[in-house]
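Per-chain residue numbering starts at 1, and chain names A, B, C, D, E, F, G and H are given in the order in which the chains are listed.
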Amino acid sequence: MNTPYKRLDKDQAAVLLVDHQTGLLSLVRDIDPDKFKNNVLALADLASYFKLPTILTTSFEDGPNGPLVPELKQQFPDAPYIARPGQINAWDNEDFVAAVKATGRKQLIIAGVVTEVCVAFPALSALEAGFDVFVVTDASGTFNEITRDSAWARMSASGAQLMTWFGLACELHRDWRNDVEGLGTLFSNHIPDYRNLINSYTSLTAGK
Amino acid sequence: MNTPYKRLDKDQAAVLLVDHQTGLLSLVRDIDPDKFKNNVLALADLASYFKLPTILTTSFEDGPNGPLVPELKQQFPDAPYIARPGQINAWDNEDFVAAVKATGRKQLIIAGVVTEVCVAFPALSALEAGFDVFVVTDASGTFNEITRDSAWARMSASGAQLMTWFGLACELHRDWRNDVEGLGTLFSNHIPDYRNLINSYTSLTAGK
Amino acid sequence: MNTPYKRLDKDQAAVLLVDHQTGLLSLVRDIDPDKFKNNVLALADLASYFKLPTILTTSFEDGPNGPLVPELKQQFPDAPYIARPGQINAWDNEDFVAAVKATGRKQLIIAGVVTEVCVAFPALSALEAGFDVFVVTDASGTFNEITRDSAWARMSASGAQLMTWFGLACELHRDWRNDVEGLGTLFSNHIPDYRNLINSYTSLTAGK
Amino acid sequence: MNTPYKRLDKDQAAVLLVDHQTGLLSLVRDIDPDKFKNNVLALADLASYFKLPTILTTSFEDGPNGPLVPELKQQFPDAPYIARPGQINAWDNEDFVAAVKATGRKQLIIAGVVTEVCVAFPALSALEAGFDVFVVTDASGTFNEITRDSAWARMSASGAQLMTWFGLACELHRDWRNDVEGLGTLFSNHIPDYRNLINSYTSLTAGK
Amino acid sequence: MNTPYKRLDKDQAAVLLVDHQTGLLSLVRDIDPDKFKNNVLALADLASYFKLPTILTTSFEDGPNGPLVPELKQQFPDAPYIARPGQINAWDNEDFVAAVKATGRKQLIIAGVVTEVCVAFPALSALEAGFDVFVVTDASGTFNEITRDSAWARMSASGAQLMTWFGLACELHRDWRNDVEGLGTLFSNHIPDYRNLINSYTSLTAGK
Amino acid sequence: MNTPYKRLDKDQAAVLLVDHQTGLLSLVRDIDPDKFKNNVLALADLASYFKLPTILTTSFEDGPNGPLVPELKQQFPDAPYIARPGQINAWDNEDFVAAVKATGRKQLIIAGVVTEVCVAFPALSALEAGFDVFVVTDASGTFNEITRDSAWARMSASGAQLMTWFGLACELHRDWRNDVEGLGTLFSNHIPDYRNLINSYTSLTAGK
Amino acid sequence: MNTPYKRLDKDQAAVLLVDHQTGLLSLVRDIDPDKFKNNVLALADLASYFKLPTILTTSFEDGPNGPLVPELKQQFPDAPYIARPGQINAWDNEDFVAAVKATGRKQLIIAGVVTEVCVAFPALSALEAGFDVFVVTDASGTFNEITRDSAWARMSASGAQLMTWFGLACELHRDWRNDVEGLGTLFSNHIPDYRNLINSYTSLTAGK
Amino acid sequence: MNTPYKRLDKDQAAVLLVDHQTGLLSLVRDIDPDKFKNNVLALADLASYFKLPTILTTSFEDGPNGPLVPELKQQFPDAPYIARPGQINAWDNEDFVAAVKATGRKQLIIAGVVTEVCVAFPALSALEAGFDVFVVTDASGTFNEITRDSAWARMSASGAQLMTWFGLACELHRDWRNDVEGLGTLFSNHIPDYRNLINSYTSLTAGK
């Protein structure tokens, strides 16, 4: 009996960025801030690179939670932007669900802060609504490892696919021949080790 | 094929606090005592805040296990309090099960010490009895990480939802507009980072 | 739809101790040796305390793997002792399976060294043969955490219950009133924190 | 209801080594390089020892990813060697799938760099195609533990068996009597603790 | 040749609390926030308990660094409070140094955020000025462990005494008979394990 | 310029065991309880084995701190036993200092709970008084690693020698030929890995 | 007796960047690559900001060590650049020492890869030559923590000051009033938590 | 006041390998066995490469401690080999000290098992005797990190230089031009990351 492979397809996928706000980010302590910032921006870059429909949403921007991190706002100026008036689960917001459905996509890539709430709640709702859900674990953060591991267990048991941004990019790209330079640049900008490999390589082959 | 989302509902949930006793707490070494104390009190506060029926139970209070931590006793003076005469699994105690059933609730939020016994046993029994079970992993403690991870795997494989107190509060509250100040106070009292956000915010907006 | 609780019953359970040999123990590096020794001896003590049929088996005692640790041999002088001539999976040894079946028990508690081989292989075979399997994770050891976590995932996915010795003892005992002193002694001998609780308690109540 | 044990059989198994390239190896940070090198070479040695059909594949050898590590190339001079022109998922390469099918084996042992891409993608594809998949977790590496744990969860949920090289060797060998010296040499070469046991043993028994 | 013991004396010691501000606290990641909050408040409580002259200072309260945490302001309403206009090293501020000298104390207990700057700079300046310096390591926080360890090495090499709040309290108190209840209350309020001991003890001896 | 080696001499050394009490032990969280118990008993055994004068002292036995652990009381029935009426630093107690001086020894081996108080205070006082001080770091425990590391730095900077029980035993014994069996038994009883080596060795050479 | 405070002075300090080469960076495993890259670039930015004389040096650029990371080359186009023909200790290279002396600075800030060689050797040589040495521990990397801790101990014992880039910046700047915006920008660019504080603050005060 | 740099000189240094025996190695748990084996063999290789006088010594080879690891015996067939009849501190053995003195070297590089005994005792004795001592921390192992850190603190406080094998090799070699290939081979054989760099480099430049 075969297991169907829920494989990302750049024509089927959309990205949901939930509550990456300047105040809430200070709650994230299960991942180092340098790395977390890099992962979120890498996810944003791959969304742009693959031209995936992207939806931004926030919770209580005017209060202590703070505004959406400016980099995301700038990178997706035309994306649907749902500043939720109060719903904690973004899926409880009709505008958000409408925006998701308007994309026509069935594969939802979700990242957010904090993992067990802003990611898990819409992930579970979307699964119930029949979507395939891909959680970007390394672009989602929360208080500590106990909380993270509990949230992962809950989402995974419900059928969510746990992935990280690099795997997403590779699964969406399928074949390096589609665009070597574009994907290479994405990796070089967000993986120091990969950048070093490219720089060493370029240095040695420059004069060839 | 959709996955039903087992979502907490404040009108369907009850809280079971199992064996948070002064002696047994010295056995808890998979979580720091400062954090653990905070998590247990946060869970108690959210139970009060959402007016969830709450049941207290202990094992051998007169012996080395020690009395229930006084803070819990004081916070729930009218809650059913079952000092079990010997049953290790609280579900084996008829009074306890009767108290649970008397709440009329089908969603059981369980925390206790130690995780693999005082939490896992009633959790597995309650699942078998047809209840939905939500384990509060960060308000439950045990000897070490091997024990904890084994207990989580056993409970999760049986269908228990692994959650932490912050996720519980958010899932129960649904919408900030139901009461901004109340939920904010709960968070401020139990999440230092959130308290700092609120204090910075208040300081800046006080004079507006 | 309810989840049946696979609950240990002292009249249904047997203990299989696989390859706790003096040489092989030097391979165990996922758990500290002081703690591991204590856990194995605690498991042995609970097997004796609950009078569970216990089966000992070893692999290549004459070679570098070394003899069974003497404490286990001494504690179970009359237990079936299968020195396997070569089979790595104890379940491939007919005498071992015969000894298991001779107990008439359907719940198999398994511990051994190393986890992914000496525990996992007979555990998977026993599950296939229709037994309920309870793996004692803290009395089983292996090379490192990657190996352990992989082995746990494989066994858990096949239906094995992951438990630790303290949970086993509690699930088997059911009710403190069955024998307070016996269980208390078991805990006092193998849990320093519990011993301290008892000593503090005794000191204070001695003169009452 | 019994659980079928997916047990490795040396006449049914093939080994797929995916993208162990000198450049990509610098990306591996979830396992120490000394240990990782040893694990990969141990896997290669067991593939040779059990005469398992082995397939090598690489991605972009001419670029920064670097060539296949020379040790693997030397050890399997006659193995199918598919230098993929661009496909990230090796299973998207027809030559690779043809080579796999040409082995006639239904049990695929997969290791590679990085885990969530070079291992997970062909693992998920092979499961979908009806193969049994055994992931060698300790001969596969990736960026960090968050990535690894996510990849393991995804593969395990799809039915892949998570194993490590030592467990593979033991499950394939079945019985020490098939060849004590051969298996002992494999262990001695790749497990320092085992080598020490053998050397102590030999020293003491040399003069007997 | 004897080593003089730099021993704290409650008539010689003063406490300097440097830059525990609501914004800066989000930078602290070398210690868990629950524990850190507790340690800072414990230090404040012991300063009050031993009636040690205490000096508060902040850096840029009006900007992103945020205000002093309100609890400290409330606890020391009459303490010198130096809101520094720009000096990073508090010792560069004349008012601060004047306030220190006005205490007439030669033993300075220093804690602050972040360790390598707000603590280390005035500590090194005070040592140079001839004071004895006692750094409260667990009520001081910074970005990560590399930073902390470097700062500790620098301060320790210059002669600062590294201590934690509990040790401070004990060294200042000298003898339990000076006030059993007062010190016990301090410990009960800030050490959950100690509180449990007291509660167990009280429970058992209450009826005597 | 040579460095004098402060070397332990069994005719110059005495052992001070400070406040290993059943209540206080629950505060120790920088070392696992199984290992800590073993280390303390190993230290006691080596004190007996080398016939070192040993002094026991406790703080507030009648209160929550609890009695001295019974094993130590039993092992040293004739040792000076100073139940301090209130002094936190044992060296402030005249009887304790008198007992130390009565031994006529100049090398003081100190262990206790908690490290930064019960060990560090008398260690610093003894150094000031001209004794050589050897702190048994693995038989001393405290709240967490920050506290421990701070205490070690303070004591080490004052000239205390940081050692562990195994090193103490080896430095005191000097030469295996003084008594192979006695030292071997001490190690076998407290080092599982050593016990395994001995058991493997004995098994192989028994029949020679 | 007072301890002189070796305090950085922007008119006395120079920066030495040793062997941050694209190949050598793959050896660094004691610090996460995202964080390490950030720290090195932060150090470079502060060198530029404070207009500190900066010297670049490399070892074997043409071979496997790879070229200097391009970002550093671009940031310091006019800095002395000593591509050492073979000397491992940069201080053994006359041009390097001449460049250092040409700065006329007596305070040397050193960072490099790997810590125990490229940093420690010139640090120890410079100390011997009478310079004050400030090691930037978080912009220096090496194989693992054992190596790092050993190197720190060796350098610290010889009188090197262990610091991190943030402390350097603060000690050099002395007073925020010298330039609030400049220092704030440096921190915002390299400390995500600080950037969030600034963004929250700006958002709230923008409309004031 | 300048700090003299105790710098290794290949004409002044000798290597002492103390008690790397097959049994004792099972006690080493502060470093992974794969890495430890590699480090010890790397140290042996550098001793050979730099033609440093090397002395081997063991303790009780005939008993449970086991024989010297065969690789070391084979690599130094003509080295002085002192099988100590009982002295725990190798420096207490006259033959050993005589062998050391016979080398005429003043810089002693010491590694062994276990760190706090077999390394620390002769290190402290040699320092007292006027030698410079360089401890190879990563080729020395012991029970756990508490023991290791205590031993390092004791040795470092007495003036021993803490180093690791790679730093030793670099400090001894001084200049790559003395022999690029020899040192490169040493590194390639013992540092997988360096080997990968070389292989990538060779692959790219092979055809030039």
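Basically, a contact is a pair of C-beta atoms (placed from the backbone, for glycine too) under 8 Å apart; a residue touches a chain by one contact, two chains touch by 3 or more.
Treat the numbers as computed from the prediction; the structure is a model and nothing was measured.
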Checklist outcome for this item: A correct list of chains touching both chain C and chain G reads B, D, E, H
Checklist outcome for this item: Residue numbers at the chain B-chain C contact, same meaning over half shared and different meaning under half, come out as different
Checklist entry - Quick one: which chain's Cα centre is the longest way from chain C's? => result G
Checklist entry - Based on CA centres, what chain would you say lies at the far end from chain A? => result F
Next on the checklist: Need the CA-centroid distance for the pair chain D / chain G, whole Å please.
Outcome noted: 41
Item to check | Intercentroid distance (Cα basis), chain H paired with chain F, Å | outcome: 31
Checklist entry - From the C-alpha centre of chain C to that of chain E, how far is it in Å? => result 48
Checklist entry - Could you say which residues in chain H touch two or more other chains, in rising order? => result 23, 26, 29, 32-33, 66, 144, 191, 193, 196-197, 200-201
Checklist outcome for this item: Per the touch criterion, the pairs are A-B, A-D, A-E, A-G, A-H, B-C, B-E, B-F, B-G, C-D, C-E, C-F, C-H, D-F, D-G, D-H, E-F, E-G, F-H, G-H
Item to check | Parts of chain H lying in touch with chain C, wherever the complex brings them together | outcome: 26, 29, 32-33, 144
Item to check | chain G-facing residues of chain H, complex | outcome: 2-5, 7, 31, 137-138, 152, 156, 161-164, 166-167, 170-171, 173-178, 191, 193-194, 196-198, 200-201
Next on the checklist: Under the definition above, what is the set of chain C residues touching chain E in their complex?
Outcome noted: 197, 200-201, 204-205, 208
Checklist outcome for this item: Touching chain A in the complex, chain D uses residues 23, 26-27, 29, 59-60, 63-66, 85-89, 92, 114, 116-117, 120-121, 124-125, 127-130, 143-144, 146-147, 149-151, 153-154, 157-159
Checklist entry - For chain D, which residues count as touching chain H in their complex? => result 22-23, 25-26, 32-38, 66-67, 69-70, 191-193, 195-197, 199-200, 203
